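Both complexes below contain chain A, partnered by chain B and then by chain C.
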Partner chain A sequence: MGSVTLRNIRKSYGAVEVLHGIDLDIKDGEFTVLVGPSGCGKSTLLRSIAGLETISDGEISVDDTVINTLVPKERDIAMVFQNYALYPHMTVAKNMGFSLRLAKESQEEIDKKVKAAAEILDLNALLDRYPRQLSGGQRQRVAMGRAIVRDPKVFLFDEPLSNLDAKLRVQMRSEIKELHQRLKTTTIYVTHDQIEAMTMADKIVVMRGGHVEQIGSPIELYDNPASVFVAGFIGSPAMNFIDAVGDGKALKTTTQELLGTPNATVASGQKVIAGFRPEDIRLAEKGIAAKVALIEPTGAETQLTLRTENEAIIMTTRDRITHSVGDQVFFEVIEGKLHCFDSETERSLAEGGQAQ
Partner chain B sequence: MLKSDRFLAYALILPVVAAVLAFVVGPTYNVATLSLTQVVMGQERGFGTLNNFRALWADPVFGLVLKNTAIWILGGTLLCVSVGLGVGAYLAIDSKVTGWLRALILLPWVLPDVVTAMAWKWMLHGQVGIIGQTLESTGLTEGTISFMGDPKLVMWMLVVVLVWRKMPLVALILCAAIRAVPDDQVEAARMDGANAVERFRFVTLPNIAFSLTAVTVISMIWITAEFALPWIMTGGGPANASQIMATYIYQQSFEFFNWGVASAMSVINLVMLVSIVALYLYVNRRSWASEASK
Partner chain C sequence: MNEQPRTLNWIMLGLIGLVISIYVLFPVFWLFLASFKTQPELAQLPISFWPEAPTLEAYKALFSPTHQKGQLLDWPQLIGNSFFIAVSSTIIVLIFGTLAGYAFARLNFPGRDLILGGLLISRMFQGAALLLPTYRLMSMLGLQDSLIGLVLLYSAFGLPFATWIIASSLREIPRELEESAMMDGASRLQSMVMVVLPLATPALITAAMWHFVGAWSEFAFASILLESNEHKTVTIGLASFVELFTLEFQYVGAAATIVALPIMLIFLFGQRYFTRGLLAGAVKG
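And now, the complex of A and B:
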């Protein structure tokens, strides 16, 4: 078992508060990803859960036991660091067995557990090597092995893939995910990469400036972003945003072109921010006029940059494009895919969007 | 093209090679030949004899000198490094106090040898020394102790002053090494359940092994070469009780003009030093491959 509950977590460095009251419930076995731009406090939050930082206020519980005041070793939590943090003077086997050795387990027991973990991670052939003799991906696996042998209640990962090259990153991503499906240990995973978050998470926590911006499954965040920030952060290429005005049930651009009916009720004349994803617009006979400014084929998809009077709109399509740069086209937003945010607070105006 | 590059390379290192030959190899060669030469009252009388070494062997003081030198070099190095390690570990902690101490601790290091020696000589003086008087007035001892006059104590007093003088730099070097240990390794050890002592033992120590060995070898060389401190404080006395290699070599050559015997001792000193350094380098090389524990 390993459910984690955070209540009103605050953390200050001197006079500067970097976490402003974080609340979070993580169910046993869940894969939770903390995502947000650099400096938003993800690492600080993770390290607070690990016990490497003392929090200024609030309560951290694992399985209904408050662990705020416990030292890391008493928390039954394992952590995988960004730079692997392997002990350079110990072999892979010693690195993995170090915690067990400190816990005074017998050498037989240690060997058995290290072997089992090495089996899972495909490290058997490397047990006698030193960290400097391993590649980045192998080091990463040893770091995970060190966490696995302890069989903790919770795994913490702090940007574990950011030092790997793009291809290896994709491979390790699925390895970590597979590992989780196999061990079913509660996992909290920090990244600034929204693709990692989308592909791995059961639950995503989007953070911004020491606050939680939105919590939900990847699809929930994608379909119903609670704010302009989340909408822009999740999904690639990012959502298009333009200023718009309410007109009856519909939204119009500031140049009086019809955008469509949003997923919220808007008063006539109310100024809002309209948002629509690049994949949710299509070229049409009529609609909003634009000029093709850029065509970027990526193989399966083509990305178009459309220039309207005031904005540049990104559009992706799987259709073959017959237009060329400079052509006059019209586009429309697909029914039901028009998001709508308050222009002051930048929160979603959709049902439930104000919650959080 | 290649040939002229080569010529240039040799031409560029030539000054250094010449300097090393002139200032290192030359004098060493001179001392070595002198140790094999019979010298009477400063006059050379025949080359190719081991008489100087035989004379040393027969000299009853030389045994005492060897014992004192062992205390001086081994005791001094061991204390310098172990105290330095402790102090360095403390200085590595981030706080206002340690910030000031890091600067302050260099004070003994910047004082000239002569000043250090005189100051300690007076502080340890049998009758008027502040240390003896303080011990007496607080009732810790009955009467004052003659630190420098007691043959059993004097050598250790020298070692204490030596540590006071040499330890700060050792501490600073080790402090820097400890601060360079990656934080995440220490944190990983915390997550693995290591307490402060275990973290020091299993993470910090192996990470600073290189600096530690280097600083040990360097201290040993410094201490072997240190002459002014013991010479000014005791001059080898009382009755040779604090006579060490450095002071005895000086006495033999510049007071008794036994150049040959003094050279022989210098050669022994050099061989000792070289073998110690070689041993340490060898040990150090080995300690990289294997885990420091076990």
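And now, the complex of A and C:
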């Protein structure tokens, strides 16, 4: 068991508050990803859960036991660090068995558990090597092995893949996810990479400036972003945003071109920010006029940059494109895919968008 | 392509190194050779370079306590005293230097950097300036003519530099390693002993070597603080030998060789740690 509850977590360094009251419920076995730009407080929050940082206010509980006054060793939480933090003077086996040794388990028991963990992570052949003799991916696996031998209540990962090259990152991403599906240990994972968040998480927590911006499943966040920030952060290429005005039930651009009906009720004349994802627009006979500014084929799909009078709009399509740069085209937003956000607060105007 | 000029460069550098080595080491080597010569050979002209009939007489004489010209020089005792002082003060310096170094490297306390800098200031005083005040201080404490007194004194002199070396090396050890150990269930002390210190071995060895050599070869303070014969150290013994045996130079050579031996051994075996420790932090490894 390992459910984690955060209540009103605040953290200050001197007069500067970096976490402004975080509330979060993580169910047992859930894979939760904390994501946000650097400086949003996600690592600080993770380190607070680990016990490596003290919090200024609030309560952290695991399985209804308040742990925020406990030192790390008493929390039954394991952590994988960004730079792996393997002990350079110990072999892989010693690294993995270190926590068991500290727990005064018998050598026999240690060997058994290390072996079992090595089996899972395919590290058997490397047990006698030293960290310096391992590749980045192998080090990463040892760091995970060190966490799983203990069978803790919660795993914490602090940007574990950011030191790997792109290809390895994708591979390790799948390995971590598979590992989680196998062990079902509650996992809290910090990253600034929204793709990692989308692909791995059961639940994503988007953070910004020490606040939680939105919590939800990857698809919830993608389909119903609660703010311009979340809408722009989740998804690549990012959502297009343009200023728009309510007109009856519909939205019009500032140059009076019809955008479509948004996912919220907007008063006529109300100024809003309209948002639509690159894959939610298509070229049409009529609609918003634009010029093709850039064509970037990636094979499976093609990314177009369309220049309207005021903005550059990104569009992706799986269709083959016959246009060339400079052509005059028209595009429209697919029905039901038009988001709209308050132009002041930047929160979504859709039902439920005010929550969180 | 440019293999040849490179080889030439190496030969030139090697030659320069050789010349410097001979220039520096010749007197030492001369003394070493003298220790195997006999009295008449040392006195004869022309001077012989290699001992004609190498003998260990001088060494034997050194280790059979005898009255030499009315003064008792018990070399086993002198060596024992020097070892006791150097080893004890090295242990003290290592223990406290490590604890202090760790605190300076890892803990946040007001005035930390100022105090760490201040430690180095104590190294800027010329030793001679401290001779008299130290003598007064040690007399007041009743610690003159005592080995313990010298141990404490050398430890006090050695601690700042040792602390400084150890602190700068500990700063190079990533914090995450300790945090990782703590997550693995270690207390701060455990993480320091089991993770940090093994990684700081080069610095610890450097600090220990540095201090041992200094304590072993210290002369000025030992000579004013130690009075009785049974408390004297090798450096004092060597100095009195130079006075006593102006002609029987083989004794001086033998004594000097024995005094230099531990230091040579230390550098021989510790060399790789020594350079690594002092350079720690110079470049990112």
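Criterion: the second predicted complex is superposed on the first by the 356 of 356 C-alpha atoms of A that agree within 3 Å, B and C clash if a C-alpha of one lies under 4 Å from a C-alpha of the other, contacts with A are read in each partner's own complex, and residues count from 1 in each chain.
Definition applied: a contact is a pair of C-beta atoms (placed from the backbone, for glycine too) under 8 Å apart; a residue touches a chain by one contact, two chains touch by 3 or more.
Predicted, not measured: the structure shown is a model, and the values here were computed from it.
Visitor: Specify the outcome, clash or fit, for chain B and chain C once both structures are aligned onto chain A.
Guide: clash
Visitor: Which holds for A:A103: it touches chain B only (first), chain C only (second), both, or neither?
Guide: Touch status of A:A103: both partners.
Visitor: What is the contact status of A:T191 with respect to chain B (first) and chain C (second): first, second, both, or neither?
Guide: Neither partner.
Visitor: Return first, second, both or neither, reflecting whether A:P72 touches chain B, chain C, both chains, or no partner chain.
Guide: Both partners.
Visitor: Touching A:T32, do we find chain B (first), chain C (second), both, or neither?
Guide: neither
Visitor: Go through the superposed model and pick first if A:K94 touches only chain B, second if only chain C, both, or neither.
Guide: First partner only, chain B.
Visitor: State whether A:A50 touches chain B only (first), chain C only (second), both chains, or neither.
Guide: Once the two structures are laid over each other on A, A:A50 reaches both partners.
Visitor: Overlap the chain B and chain C contact sets on chain A and report the shared residues.
Guide: 50-52, 71-73, 77-79, 81-83, 85-89, 98-99, 102-103, 146, 150
Visitor: Which part of chain C faces chain A closely enough to touch in the complex?
Guide: 174, 176-177, 179-187, 190, 194-195, 198-199
Visitor: Note which residues of chain A are touching chain C in the complex, please.
Guide: Against chain C, chain A makes touches at 50-52, 71-73, 77-79, 81-83, 85-89, 98-99, 102-103, 146, 150.
Visitor: Spell out the residues on chain A that touch chain B in their complex, using ranges where they run on.
Guide: Against chain B, chain A makes touches at 50-52, 71-73, 77-79, 81-83, 85-91, 94, 98-99, 102-103, 146, 150.
Visitor: Tell me, which parts of chain B touch chain A in their complex?
Guide: For chain B paired with chain A, touching residues are 182, 184-185, 187-194, 198, 202-203, 206-207, 209, 288, 291-292.
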